[in-house]
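Here you go, one structure.
Order as written gives the chain letters A, B and C; numbering starts at 1 within each chain.
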Amino acid sequence: MDFKRFDLMRRNVGPVELDLIESYAQKKINRRDFVKRGTIVGLSAPFMGAVIAACGSDAAEEGAGTDTEGTGSGAATGTVGGNLIIGNQFGDANSGLDPATMLDLGTYNVVSQCFEYLVGLGDDGNIAATALATSWSPNADGSVWTFELRDGPVWQGSGEPLTSADVAATMDRAVEFGNAGLAGVIGEGSVDASDPTKAVITLLEPNGNFPVLVSLFNTQSLITPADYSTGTTLDERPDGTGAWKLDSFDPTTFVATYSRNENWWGGSTNLDTIELRGFSDIGTAVTAMSSREIDVIQNFSVIGGEGLLNDDSFNVLTPPSSNHRQVPFNVQQGKWNNPQIRQALAYTFDREQMVNTLFAGRADIANDHPITSGLPFFDADATPQRTRDIEMAKQLIADSGITDLTGTIECGDLGEIPEFAQIIQQNAAEAGFDFQVNVQSNSTFYGDSWCPGPSETDPNLPCDGSADLDIVDWGHRPTPDIFLGAALSSGGVWNGSNYANPEFDQKLSDYRTSVDVAGQKEAIGSIQSILHEDAPALYAYFFNYLAGHADTVSGVQTTALGHVIVSGASKDA
Amino acid sequence: MTDIDNSGAETEGASSGSMAPAQDRKTVKQEQRKELFATPSFIIGAVILSFWVLCSIVPGLFTKWGENEVIRLADGSTIPRTGPGANAWFGTDTIGNDVFARVIYGADNVLINAPISALIAVLAGAVLGLTMGYYRGLVDEILSRIIEAILSLPVILLALMVVVVFGNSRIVIVLTIAALFTPVVARTVRSAVTSEAQLDYVMSAKLRGESGWFIMMKEIFPNITNVLIVEFTVRVGYAIFTVATLSFLGLGAGDQSAADWGVDIANGYSLIQSGQWWISIFPALAIASLVISVNLIADSIEKVYNS
Amino acid sequence: MVRFIVRRLLLSIVTLFIILLVVFALTRVFPSDPAKQLAGPFASEERVAQLTESLGLDDPLPTQFFRLVRDVVTLDFGESFSQPGVRVIDLVRPALWNSAKLVFLALMITLPLSIVGGIVAARKKDTIIDRSIVSFGLASASIPDFVSGVLLQFIIGVQLGWLPSISNAPADAGFFGQLEYILLPALAILFVYFGYIARITRAGAVTALDSDYARTAYMKGMSTSEVVRKHVLKNALQPTVAVTGTQMGYLFGGLVGLERVFNYPGLGNLILRAALAPDFPLLQTSVVAVAVIFMIATLTSDLIIAWMNPRARLDVGEN
């Protein structure tokens, strides 16, 4: 341990960063978590490297430090030029290419080729300073974050450079819309744009994870020009600072074509043009990938994708994913308004069967809360893993006093969700539940069943009239803020369960405002217990997000939220 | 498909000319029935149909697995997406249910909904056709226009719109299909009635002073029962077509996890390309066999009763 | 003749009006609110109200209907609800064109095969050939299009690999390249219609072959094939033309299941998506398009029959 060097570093950072460095030095967190958290907090890579060097490398604490999570396929090695075809999910009929209101992976991918985020993607699948911000740092208590804007990005439409005024306008628009990641975190006028090269963002309360909320992991936080009005879509007004310019978009076939943006700050892309081709059915996309009609596939599933997984000339990409399917109850209005009956259902779940049948093992079992075990603040001791126990389920049913065990599981027709519903139905039947399954088209499900709209009178009923029991798809986020905030906090915009527990809200606030790992861990541990007991929603698994490309392509980066970043990609001729 | 009007090119007319006395009518009918039961196509059709009817009544007779029951081997493991083999004659579906069981259990959905809609359509169409064909005039004109309007759109389109609006319950589906088939039946009945209405026995009934209702019911109706029977059997075929298509599109009745041939095809057709064909192909063959059997029966009835 | 056409056109307009009324009524009873769908789940109530107003959905119903009729008459079909800013006509046109391509190919295959099949069956009446053709036709008729589609996709597309199993032709495929991609669904349509057309052709041919005219021709020394060409064909074709005309509505808008199996972006697929969104202008326009096609087709087929058969001209207009 090089104390002299270490002390020098400690002196030059704020309290937030300091706590993190201390935790690492005292071995409270391992190197991988230090790097992850350090990136979020805004430490630069060289700086972190120096800290690590100063602390001396310790073989014992390597842990999962060297993990190649396969989010990208390495540096591009192919020829310059050419066209790349990406098989994309067909965008939902609901929003059009609107960067503020888009909700589905297909649209995220199309729109994020042209617009960019403040915070980008790193090689290891975490956030990094690879987009519009070159660095960021918090103030003493994490309530004000300053982002240094990159010098170079210009708008395709006007030719003007990016300034903090654009960031300010984007943030205000996000607040106006109720952006899921930023709701309750920032308010109107949060961005101080007096210096055009810096965006100084003041939060409503301290938040240790803020940079994640303005990264590509908050998909609707794309930076749009200051004069971009509400409801404008990309095809109406093609614009952006990104590597690609939209040439054409056909909504009937959901095909978008792009050509190189000559004025992109990142230089010249290898590829000349790219095409995102929409497939309304994953099976069809898999076939197209197998026959090499497309070069890259945005997402495919294990069911039906066995051919690709066994194909030697196909590279599978598995970006880090906390993707899961949430099974919320409508705890205030449905018949399952009793924690015992909800726990009973949880005890009928045969989680191993679900993971094996639906994902051939490419998934991790979850424990009825949305905190993945890889997170540094996950508390392994707080909640023992719930396992299948039919007797316990029956007992809880009896205790709850509910005798009518009929019900309907509502779901959309995305991926393996209908099959998941069937397994739940069969598992639950053994304890006496009598469920029907109602599969709707994804747009109809999200429009009508999941969260029809907020109650006019009760702010704690954000999803008035949502289904008694349904299955909701959640894309990856590197931190569970959205899974906890938008999904489960009182009045949360995506809170289909209408869960309103002041104790939970308090712990959530504690987690958010903690900027030190210990504080986060304590809050999260409580959250895990609360959710495990109350069971407003059940979580059975976190599944691996699968994407991939032919081995003639290289330099592709993906996220588990549908982004396919090909600004650095190339293709063999 | 759009219902092909059966009063078209091939048949020579619904009745055999002037009215036969009641006694002769009965013997003719008896002979027709005997002839029917001896026709080979009728027999084959009836056998296949009876098999499916039996499946819908006592499915347990044919399979030990339930429709919503994942096959578990002796060691408790499941075998999802496995091809036909010793454990599952028709293979297993995406989560491991027995496809053979789902084919057997899937019969009742189609076998209940289709004939009921066809029956309602035939009865309603008969009433309408009788009224239009007998009274003619303005009522006939207006109803004919409305019928033409409905017939210009394919049944499946109207059915899907109605189901999206009113929900996919069994009652909605049965009544919708019945309502959409009524016009075709009405048109067929109407043309049969108009030719009957010109015959002597109707004239004499009118002269006797019988009421219109009486004439329609007691005089004309018995002579067009053949038309109705043929229409019914043909409509059942198209009703199966429509019910199966609605299920395939995800608009089928009720519980989407219950065994249903259309639903199972929908769940499995994209897997055909990756080699897991059995999930869709067996239900597809089931639908095909049912339709063929109904067609064979319809065809033999038509031949016998219209000769 | 002119009077006939005029009368038919007037009747068609009345029918179209009724269809428009029915579709309008259905859409206004839709459970989903298109304004809400469009606004998205986080939208505020003001935004939803704003959208409702801009979409014209809060006007009294008769006003909305009148607006719809006026739009249809002026051929201005408005903008799609679900794809903001996209004109409905730009969504319907490509789907219509795709359906037309498929129907064209299907008819090119089905009509000759079925008619020939029917005539052969009639000439070889009561032989094994006749029975086989009739039985095959019987068997395949009214098997749902998507069922034949799935079976064909499996056998020919996947197992034998003779044709592509999905109808997504790459953008640069030439005319014949595109045909290859829609051959399988066209074959599925063949199965649906072969039986019916072959049988009515056969019936017509049987009558014609037995008729006095034919007998006279034989006596005069004409060969059977000449008789077939000159006399039988015309008579046998009439019912086929009639049937084809009436089935056009189904072929353009009713192949929803088949299009889904082959992932083909035809009109049926478009209507289904419009109904699920729900996208009222798109739904109304595409349904009207189907009805118009049906009307044009039946009018055309009646005119063709009248041209072919002078005797039918007398009762043209009767229908």
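Just so we're on the same page, a contact is a pair of C-beta atoms (placed from the backbone, for glycine too) under 8 Å apart; a residue touches a chain by one contact, two chains touch by 3 or more.
This one's a predicted model, so the numbers in the text were calculated from it and none came from an experiment.
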Winner on C-beta contact pairs when A-B is weighed against B-C: B-C
Most distant chain from chain A by Cα centroid: B
Mean-CA-position distance for chain C and chain A (Å): 45
Whole-Å gap separating chain A and chain B, where each centre is the average of the chain's CA atoms: 49
For chain B paired with chain C, centre-to-centre distance based on mean C-alpha positions, whole Å: 22
Residues of chain B engaged with two or more neighbouring chains: 269, 273, 275
Per-residue overlap in chain A, given as positions that touch at least 2 other chains: 281, 284, 287, 441
Where chain C touches two or more other chains at once, by residue number: 31, 165-166, 276
For the chain A and chain B complex, residues of the former touching the latter: 281-284, 286-287, 290, 303-307, 353, 356-358, 413, 416, 418-419, 421-423, 425-426, 429, 436-441
Chain A-touching residues of chain C, taken from the complex the two chains share: 31-32, 36-45, 80, 82-86, 91, 94-95, 165-166, 168, 170, 263, 265, 270, 273, 276-277, 279
Chain C to chain B touching residues, read off their complex: 11, 14-15, 18-19, 22-23, 26, 29-31, 135, 138-139, 141-148, 150-151, 153-154, 157-158, 165-166, 192-193, 196, 199-200, 203-204, 239, 242-243, 246-247, 249-250, 253-254, 256-257, 260-261, 268, 271-272, 275-276, 278, 283, 287, 290-291, 294-295, 298
For the chain A and chain C complex, residues of the former touching the latter: 93-96, 98, 101, 103, 177-180, 231, 233, 235-236, 250-253, 279-281, 284, 287-288, 293, 441, 443-444, 446-448, 450-453, 456, 493-494
Chain C contact footprint on chain B (complex, rising order): 1-2, 4-5, 8-10, 41, 145-146, 148-157, 160-162, 164-167, 237-238, 240-241, 244-245, 248-249, 265, 269, 272-273, 275, 277, 280-281, 284-285, 287-288, 291-292, 295-296, 299
